[in-house]
Amino acid sequence: MADIKEIIARRVAKELKDGDVVNLGIGLPTMVANYIPHDYDVTFQSENGFLGLGTAAEKGKEDIDLVNAGAQYVTVKPGAMFFDSATSFGIIRGGHVDATVLGSLQVDQEGNLANWIIPGVMLPGMGGAMDLVVGAKKVIIAMQHTNKGQHKILKRCTLPFTALKVVDMIVTEMAVLEVTEMGLVLTEINPEYTVEQVREATEAPLIISPHLKDMI
Amino acid sequence: MADIKEIIARRVAKELKDGDVVNLGIGLPTMVANYIPHDYDVTFQSENGFLGLGTAAEKGKEDIDLVNAGAQYVTVKPGAMFFDSATSFGIIRGGHVDATVLGSLQVDQEGNLANWIIPGVMLPGMGGAMDLVVGAKKVIIAMQHTNKGQHKILKRCTLPFTALKVVDMIVTEMAVLEVTEMGLVLTEINPEYTVEQVREATEAPLIISPHLKDMI
Amino acid sequence: MKNKIKTVEEAIEPIKDGAIIMVGGFMATGTPEILIDALVVKGVKNLTIICNDGGYPGRGVAKLISAHQVKTLIASHVGLNPEVGTQMVSGEMEVILVPQGTLAERIRGAGAGLGGFLTPTGVGTIVAEGKQVLTIGGKDYLLELPLKADFALVRGTVTDKKGNTCYSKSTRNFNPLIATAAEMVIVATEKIVEIGEIDPEHVVTSGIFVDVIVGGEKPWQI
Amino acid sequence: MKNKIKTVEEAIEPIKDGAIIMVGGFMATGTPEILIDALVVKGVKNLTIICNDGGYPGRGVAKLISAHQVKTLIASHVGLNPEVGTQMVSGEMEVILVPQGTLAERIRGAGAGLGGFLTPTGVGTIVAEGKQVLTIGGKDYLLELPLKADFALVRGTVTDKKGNTCYSKSTRNFNPLIATAAEMVIVATEKIVEIGEIDPEHVVTSGIFVDVIVGGEKPWQI
């Protein structure tokens, strides 16, 4: 079986369209950039202050003044632009980002998101996540389906919310789920799993799409 | 008797301090720039989008892309900066302009200002005036004392307000008036007029400063 | 990559009668005259124009007003265009006056996804009529709402093929703001350059905001 | 003209115990380290620090936190500095978490004279607690208030003797915003140049905002 992260990143990449402006979260979501077709013009936004994020900087060629939102040394592509944080979040909140891809602790059937705090355990702060999920046109959650067997896709989030009714799609190593008015719809499944296995790994009820297909 | 406009502009210029950021309105207020001591570093803001406004452009050397808020061709001084209109009014509203000098139709004893509309007669719009007078640290009205004998300095403005309780000082060809909690205080007088003449030319009651001096 | 460069006629093709259009410029400095001229030729009617001012005869949005194409004008100043007064008095055109800083901030707010903002400007004046007043820290503010448009007509000086744009001197004014607040953004520019020719530190309007680029905008002749 | 250039010690002299200080930087990229170092040496206590994040050990505002000089930290993210968690749990330091876009906009709003703004960010979350919710066009927004400080510690790359400043790449972040929102603004910069050497189109922070310029800020060494 292919690497779990690669499966997820590859599938998320297919959601991005030529010409899109995209913000990728730290960690797994960053890998999505590797799987976008080379003839696509996708502009990556880095919320710490630029459009036109390129690849990671080569070892030894780092520019100390140029980091992404994860504080990693990166490059920019031709046609980039630098700006301040108010401008950056104006772009985000103003709906000028076509898609944002983030990890999550929990998502629920209403598209509510909880990914920034575990009271008493982890309080890193929300950073730009709350703005990104209310502002981006499409919010894609890219994460492992469960936390070592513990449900993450719930009827109702138990952790404090990041935002309400914002998630459009959940991509895991097992499946692709779309958030609809009716609830979560299973639209694609990794052929290595059965629908029953996905159901068991998901607390929220699943509507099986009549067009259910393999997740490639 | 010296030119009325020159008297007013010269006196207003004395209110400006080394290091000040100043916005001058169109017309008479623009002349204030001519009377600032040469060793003073006063930065002029032009609300259409720059700091560091210089002199009018020489005939034949106009830069078509560089006009002041009165659409006149101008120059900028070394150390200038261009910006957009939201930034410009952020500077103005945010209290970063030390003084603004404007003409007016009416001012009253509470420092209320009416300078943008005569209903049924003149409706040019307020332009940036409403922002300037609420934002600038010091609001100086530079105008002729009366409109051909008709009172302009009133108990209460009769024209629609530009803003309430914003005027700090009124400079006319007859006198300098300061707006205080107690009302208008006559602090300086043009020696060509008597206190009685100033009183007659002013509808609002005047408090005569115990330190009344000549307006030079 | 999608080609954003179009002719003036192609660029304004989607603009129909009744459109809400933001236009850059301050007393026409920074107004994309070639787009205005094309709209006059096209003859679209009942436009709502959002612009700092009414231009002045023969320049900027004044040309649309003179051609009786404007139903509503939202501006901060109309004193230099006598035709505005005439059409206001006759009832042909509605004029909504907005303080300049409030106009700029309402457009920025729309582009930045804000639901509104509180400004001290206009408190106690006609501008406050019908608006909510909120008191914060003992001071009164008006709640002003964001302002969006169908189209933004932007005047650039240098634009790359992605749409990244720089403005010359005082032509900048409302242009970068309206570029963020309209469904379709058309930039008429003096010079089109290759991607990468503009230093990323100096771009003022990102290409992500720009839908259509038109070359051939010229400096006004004195 | 007043000379704004001072030594680091002169620059931070007015900063006393209990001061409210905004610091530029994003995970310390764009933080004026020489000013932070000087504050550590000076040993001022009970500071309120407003910064995007808590830095990370040995860099940025983390140095003030490790030296137990911070009473309150207002930031959007503190996950990369474990010391923040320790001092939060022990009750030594209060941490107020603010969404990054809201933090940036609150600082901008303070600098721009706004009484507040309406944002959709945080609606229905802990962030909304105690805040007024306004419904505009059927959508809920939080009323967020402006945020000011006594001092802003800004990191510039090139600064002229008036204080006009440019920033290199991603060091810009909060620096231009905090420069508008504090009583006293201190810029630590890499290079001081003569007035007129920076193109007026490329200045990011105007010298009118800058009270004190300190040279000698260095790029961080990897």
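A few points about this structure:
Note that the chains are named A, B, C and D in the order they appear, and that numbering of residues resets to 1 at the start of each chain.
Here, contacts are C-beta pairs under 8 Å (C-beta built on N, C-alpha and C of every residue); 3 or more make two chains touch, one makes a residue touch a chain.
Because the structure is a prediction, the values reported are computed rather than measured.
In this assembly, B is the chain whose CA centroid lies farthest from the centroid of chain A.
Rounded to whole angstrom units, the spacing between the C-alpha centres of chain A and chain C is 35.
Inter-chain centre distance (chain B to chain C, centres taken as mean C-alpha positions): 29 Å. For chain A, residues touching at least two other chains, in rising order: 50, 76, 82-83, 86, 89, 92-93, 134-135. Shown for chain D are the residues in touch with two or more other chains, namely 105, 108, 112-114, 119-120, 167-169, 200-201.
Pairwise chain contacts present here: A-C, A-D, B-C, B-D, C-D [touch as defined].
On the side of chain C, the complex with chain A involves touching residues 1-2, 108, 110-114, 160, 162, 164, 180, 195-196, 198, 200-201, 203, 206-209.
For chain A in complex with chain D, the touching residues are 46-50, 62-69, 71, 73, 76, 82-86, 88-89, 92-93, 117, 122-131, 134-135, 160-164. Interface residues of chain D facing chain A in the complex, by the touch rule stated above, are 26-30, 52-53, 56, 75-80, 85, 88, 95, 97, 99-105, 107-108, 119-127, 157, 167-177, 204, 219-222.
Contacts from chain D toward chain C in the complex involve residues 105, 109, 112-120, 134, 136-137, 139, 141, 143, 145, 166-169, 200-202.
Taken in their complex, chain B has these residues touching chain D: 18-19, 21, 41, 43, 50-52, 76, 78-83, 86, 89-96, 134-135.
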